[in-house]
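Presented below is the structure to which this report refers.
We just call them A, B, C and D in the order they show up, numbering each chain from 1.
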Amino acid sequence: MLELLEALLFSTLDAAPALIFAALGGVLSERAGVVNVGLEGQMRVGAFCAAVAALSMPTPLAVLVGMVAGAALASVHGYLSIRWRSDQVVSGMAINLVAMAGGTFLLEALYSPNGTPPIAQLPRWSLPGLAEVPLLRALSNHPSLAYLALLLPFVFHAVLHHTPVGLRLRAVGEKPHAVATLGLSVAALRWGAVVGGGLLAGLGGAVLSTAVLDRFEQHTPAGLGFMALAAVVFGRWTPLGAFAAALFFSFGNALRIGLASSAPGLLDVIPQGFLLALPYLLTLILLAVQGQRSSAPAALGTPYEQESR
Amino acid sequence: MGERWRSAVPSLLSVALALGVCWVAIALTRDAEVAGEAYLQMLYGGLGQWPRFLETGDVGTLTRPLGEAAIKAAILLLTGLSVAVAFKAGLFNIGAQGQMLLGALMAALAGAHLSLPSVLHVPVALLAAAVAGAAWALIAAALKLMRGVHEVISTIMLNWVAVSLVDNWLAVGPLRASVSGGHSISGTAEILPSAQLPRMLGDLSRLNLGFVLALLIALLVWVGLFRTRRGFEIRAAGLGAEAARTAGIAVKQRTAEAMGLAGALAGLAGALLVLGTEFRYPGSLGAPYGFDGIAIALIGNSHPVGVTLSALFFGILRAGGTRMQLLGVHKSFPELIQGLALLFVAGRLVWLTLLRKRRAVAASTEVPRA
Amino acid sequence: MSLEIRAGELLALVGENGAGKSSLMNVLYGLYHPDAGDILLDGKPVRFKSPRDAIARGIGMVHQHFMLVPTLTVAENVVLGREPSRWGRMDPERACAEVAATCQRFGFQLDPRARVDSLTVGSQQKVEIVKALHRGAKVLILDEPTAVLTPQESDDLFRVARGLAAQGHTVVFISHKLREVLSVAERIAVMRRGKLVAEVKAAETSASVLANLMVGEGRTGTSVSEPYHPPTGGVVLSVEGLTARTGEGRPALQGVTLEVHTGEIVGIAGVDGNGQSELAEVLTGLRPIEGGQGTLLGGPLRHLTPAEARRRGVGHIPEDRLRRAVVKGMSVEENVSLGRQDQPPFTRGLWLDFAGRRERTRALLAAYDVRPQDPQVAIQGLSGGNQQKVVVARELDTRPKLVVAVQPTRGLDISAVAQVQARLREERALGAGVLLISLDLEEVLALSDRVYVLFEGRVTGTFTRPEFDEQEMGRRMMGADHG
Amino acid sequence: KKEQPAAPAPAAGQQQAQGQAAPPAAKTRKVGLITDVGGRGDNSFNDAGLRGLELWASGKKYEGGKYVTASPEDIQKTLTPDLRALQSPIAPQPIEPLVIQSKSPEDYEPNLQLLVDQGADLSVGNGFMLETAVETVAKRNPSSQFLLIDSPLLDAAAGNKPYTLPNVRTVTFKEHEGSFLVGALAGLVTKTGKVGFVGGMEVPLIKRFEAGYRAGVKATQPKASETLLAVYSGSFDNVAAGKQVAQDLISKGADVIYHAAGADGLGVIKAVEEARAAGKSVYAIGVDSDQSHLAPEAVLTSMLKHVDLAVYEAAKDLAAGKFTSGDRVLGLKEGGVGYAEVRVDFPGKAEALQKVEALRQRIVSGDLKVPASVDEVSSFQVTP
């Protein structure tokens, strides 16, 4: 039983980091009032650029490149939605589509449709104290970024609630006009959040190609960005909530896989497809039970216009 | 009317610019000649191979590409309308994909397991698909209206549930076609000939009644939204829910109706695929038509006329895009063009500003008004 | 235009809606940028790139519409942008202390830890002022600060304003209420169509002179002293012991009993937030009742829906125009048909009747002098006042038997106010019962035949026209004779 | 589809094909191939078909949208030992490849038709999903030749009974036989006595891999077949999902994991590689092609399914004017399936390979019949 739990925990923690980073990116952007349905695309370019960069530089540095790439794509979204007050959903969907098709195209043009050549994977850290402790063992032997993913939500939470910039961020997502009349720049705050969100989503993507895998594979991130978006909403736009949601999704998936292998007889009763649907069904049920009313930032999705009051 | 046309200008310019950018991309990775040739091939593939036709007189060289473009356009039109109708009611339907899946499955079942005369069988199968799609969409609507769950997240979840249940279970398990000798077969049992959408040009093209049906449905949606009381109420509920409620409109009901309609439209898209070309639920629905619907709707300004034009254009592009591969041009170009076009549409205000500047210059020569 | 503001004075800025008062002040505050011309501060030209510059030069502004973040606390709202922090970490204790100090210095009673959305409108207004003062404002601009305040709260506010002026602050305030302008301001500037048309000393002018200046020659909007109109017929509305809750679940109405008859205007006076909004919502089917009973136009009040209310003959002029009354994104004619989309001339069977709709809209736009008179323009292209006229036109066009009018003249200019008030009287003459809910006591007094005073969800006073006693009403509105 | 084609058609068709094919020496013939929705770059099935056509049959490499001539070494590198031992060595033919990737199921038919229109003498439908499309287009174009991989033609009107067309060759594989051998090897290699299987989507084709594998394990390690863990990742295009499933199996003690999961399988191999890095002794078994290059240390062997060879041979036959229609079922005996060279070392390797070879001989000789469905595995017995 303990072993089962341990395996479940390990599997959850191993799959969660990319989702956590991307979800945090979503929270950052959306707390400032900019809807970010483009997480999937930002993850994709992050994954791609990190893998490409890792071919010619140390992998940790390449991860930074991936982050910058995510931020660059997010900037397109920012430019359209902040500077030009475009519909944020439209420009988010658009960068997804472009990243999807463009990624496949570039991959094939530069390398081969099979993916980039293999790169040096990020090392895994074994935590000396834990390696022998049952259950807690599961916390050891994850890629370095996984530990960052466990830490970052708390840092983000602290920043959001205990620093000036966090206060301004919360304010600009609720009532940008209030922020503007105090002489702060709404655009600058939102730009910061969108670019920061892009950095995080790019990091999430980079995790996929440098830690989960050792190359960019043509299907990356296979819907994970939309999952992250769901985690943002499920987590009620808070860093810790999104973190919990991301862990929940990963856990649901790990549980599904674990169930299939630890109780083979189960599969004769419950079809695999049903188990596959389980995490999503659970999410739906939980959402239905908890209700979702009015937790979104008030100004989410509304472009800031000085004249409108 | 002038105003309406002017609002289409950004979309038109966006599509043109996207075509231009992709042309440059091909020209840079290959050369200009290939780029030009590729676009020509795309036209052949989408609108018919006219030179070959004039040379050989083979009608198939015209009708086949046109038929393929029409088939794709019809499906895109229905998923695009699905997204657009939901938009009109203030909902963002990311779930067209899942609704389409369910629709396709039900059409396949009704087509295979009912035996009816053709005049009844096709409508019944279509109806089954519409009902299935609507039911799937109404789950999201119920969650939103009763529990306040945002439809974006619930439809994303429902998409995954649909794929898991249908593609990973029903289509490969209980509903799989029976085959003798352990051979693999993709998907459910083949539908009866009576349930097939009639081909309009016989063997000259796969063009079927589905295309006409889709256009007709677009017309109905347009009339419904803009010419009827119900449509007016749906739009009012979408644009200003509180005001609509104050005015005595049953907002929740209208929202649910719109979402149901959106689901039905997506379900019909699935039915067109099954009854028109695949004749069975093909194991998994490869192309993400449901997601494409979002782009189609947005580029078409969420207006039935705009959606129709945008679906026709991208139908042609998609059908013709295959031929670009003949020149070694990458298979993802049609999607790239679509994505870029949406990106440029997102910059609608940039276009409008540019255009207004020009108009302002023109206007300044007029006599100033009092 | 040019305007001079002197140090330490109390200057009032008046003008019709859209005269440019807010725009001018926003320019002063650095939010808008002048196309031409200069701002001179202490005789030297300054250029404000953003409010930050204006704040740095000691200019503070309280905007016409609240600029508060409802989910943050008072302290957070006040210190936003100049947060006290240590090593990058915000210091909430110091923030609260600082804000408390500012409040104390200027005599405001505010809890720095309270969330803004839990405060009354009056308190929120104070937070706005504290925000400006906290930044060391020497020049304080108040844009229509009393629009949502009770007379008592307004008096409070002006006491503070005078105090500030006495301490050497300059206060500029914008108002449509000529009486308070005359009593508070030292100097009055009048704007019309983006131009300064007059500057007068308060002591040397009168309301009618100001009104003339604002509106231009030949148009006046003085209110005539009304005769009493006794009810002409039966009861259209009667409620007894009505209770209801707010959206957040707090008790809003706690046993309201009142009646409206055919042919009378019944006013509801009260300070904002004492149940008026909920009363209107209950009567129009927007909010369920909890207890008590009522009859509305011959039917029960329980389980009333907006559609049913309309069917029985209720006309509703909602208080929140942009949210409740018009649908942005639709044309004027579509908005005119809203709520009547299923009746001729707006419909024929299941189909919309475009020709009928346009014709009726044209007629209404002409009758109410809405500008522009184009049925096809988008409603958001109209000014606020013209939007309101469209709403009034639509609601009264149905020949309602009961009109529930909430703040029907809010934000309208003098001539428009006069027009809307005339229409309401006309409805009375035509035999409708009118329930007028307004925060503007002056308006309630001007129109009503009977007045109920509402305080904390209870009726605390009933008055009939001959015996209107403004002082007594004010006391009842503050709950003076009540627990 | 209406009814079975008229009886005399096969002969006529063949004659016609042959008549056409009578080649003036080096006349270049066009051979087209339609991938299924997996497309180029799937590292398994489609790539195998493309290798057979592009690299082997026409001696060309696909690079950045263009074909460049491949060197003989390029070709040699891709040949597994069994192919190097072929009687007639694999060598480029006068063939011009024409490849179209399908993006959705309804594209199969028009894409095939496009190949015909572009003058392809032979068109390959790569994958059982193209069955209906090949059927339709072949009937419409009786003078063109077709090759369908992984499925016979099925007559939907007659309860999906296999039938033939005069211009269609179909090739199916006995994946269970190849899977049997890697399963047998897995049974011999496992130290924990637990082995795993990761499938992609739970479709009948993949079930056949599972069945053979189970039987193979049973043949050499009956106990391990009781505890065999078979899990389906639910997709063919989600590397992370495959990795997670494999990690789970490893944590449950499985030390040899066979995958038949497309791109998800890359994740399986990745998980094994990482587990090895963490000090566990685990192996992965690849599928379709030799996947050793993905992780030389971690891949024990790969079950080979020579889609490449099937395509190559059809093209070669066409070039030589010998293309014939009909169904071909390729098993161990025919060299259609097998397993890749075992490059890793483990104790008792030689002995284990001997045992596996022996089993292969028995299957080839018909002495041993491998079950093709999971249900039959329980009653399957290997008589020594």
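In this text, contacts are C-beta pairs under 8 Å (C-beta built on N, C-alpha and C of every residue); 3 or more make two chains touch, one makes a residue touch a chain.
All values derive from a computational prediction rather than experimental measurement.
Engineer: Return the chains common to the contact lists of chain B and chain C.
Structural biologist: In this structure, the chains that contact chain C and also chain B are A.
Engineer: Return the chains shared as contacts by chain A and chain C, ordered by label.
Structural biologist: Both-contact set = B.
Engineer: Farthest chain from chain D, going by the mean of C-alpha atoms per chain?
Structural biologist: Most distant chain from chain D: C.
Engineer: If I rank A-D and A-B by number of C-beta contact pairs, which comes first?
Structural biologist: Ranking A-D and A-B by C-beta contacts puts A-B first.
Engineer: If you average the Cα atoms of chain B and of chain D to get two centres, how far apart are those centres in Å?
Structural biologist: 35
Engineer: Please report how many Å separate the Cα centroid of chain A from that of chain B, as a whole number.
Structural biologist: That gives a centre separation of 29 Å.
Engineer: Compute the distance, rounded to whole Å, between the mean C-alpha positions of chain C and chain D.
Structural biologist: 76
Engineer: Among the residues of chain C, which are close enough to touch at least two other chains?
Structural biologist: none
Engineer: Where in chain B do residues touch two or more of the other chains?
Structural biologist: Residues 29, 164, 167-169, 172-173, 330-331 of chain B touch two or more partner chains.
Engineer: Out of chain A, which residues touch more than one other chain, so two or more?
Structural biologist: As it turns out, chain A has residues touching two or more other chains at 108-109, 223, 272-273, 276.
Engineer: Mind listing each pair of touching chains for me?
Structural biologist: Once each pair is checked, the touching ones are A-B, A-C, A-D, B-C, B-D.
Engineer: Could you please specify the touching residues of chain D with respect to chain B in the complex?
Structural biologist: The touching residues are 37, 39, 64-67, 98-107, 109-111, 113-114, 117-118, 128-129, 131-132, 140, 150-152, 154, 156-157, 159-162, 172, 201-205, 208, 232, 234, 372-373.
Engineer: List the residues on chain A that touch chain B in their complex, please.
Structural biologist: 37, 76, 80-81, 84-87, 89-91, 93-102, 104-105, 108-109, 223, 226-227, 229-230, 233-234, 271-274, 276-277, 280-281, 283-284, 287-289, 291-294, 296
Engineer: Which stretch or stretches of chain A touch chain C in the complex?
Structural biologist: 162-164, 166-168, 170-171, 174-175, 177-185, 298, 306, 309
Engineer: Can you name the residues of chain A that touch chain D in the complex?
Structural biologist: Interface residues on chain A, with respect to chain D: 3, 6-7, 10-11, 14-15, 18, 108-110, 112-115, 124, 126, 141, 208, 212-214, 217-224, 253-254, 257-258, 260-262, 264, 272-273, 276.
Engineer: Give every residue of chain C touching chain A within the complex, in rising order.
Structural biologist: Residues of chain C touching chain A: 29-32, 50-55, 61, 63-65, 67-72, 76-77, 80-81, 83, 85, 88-90, 92, 131.
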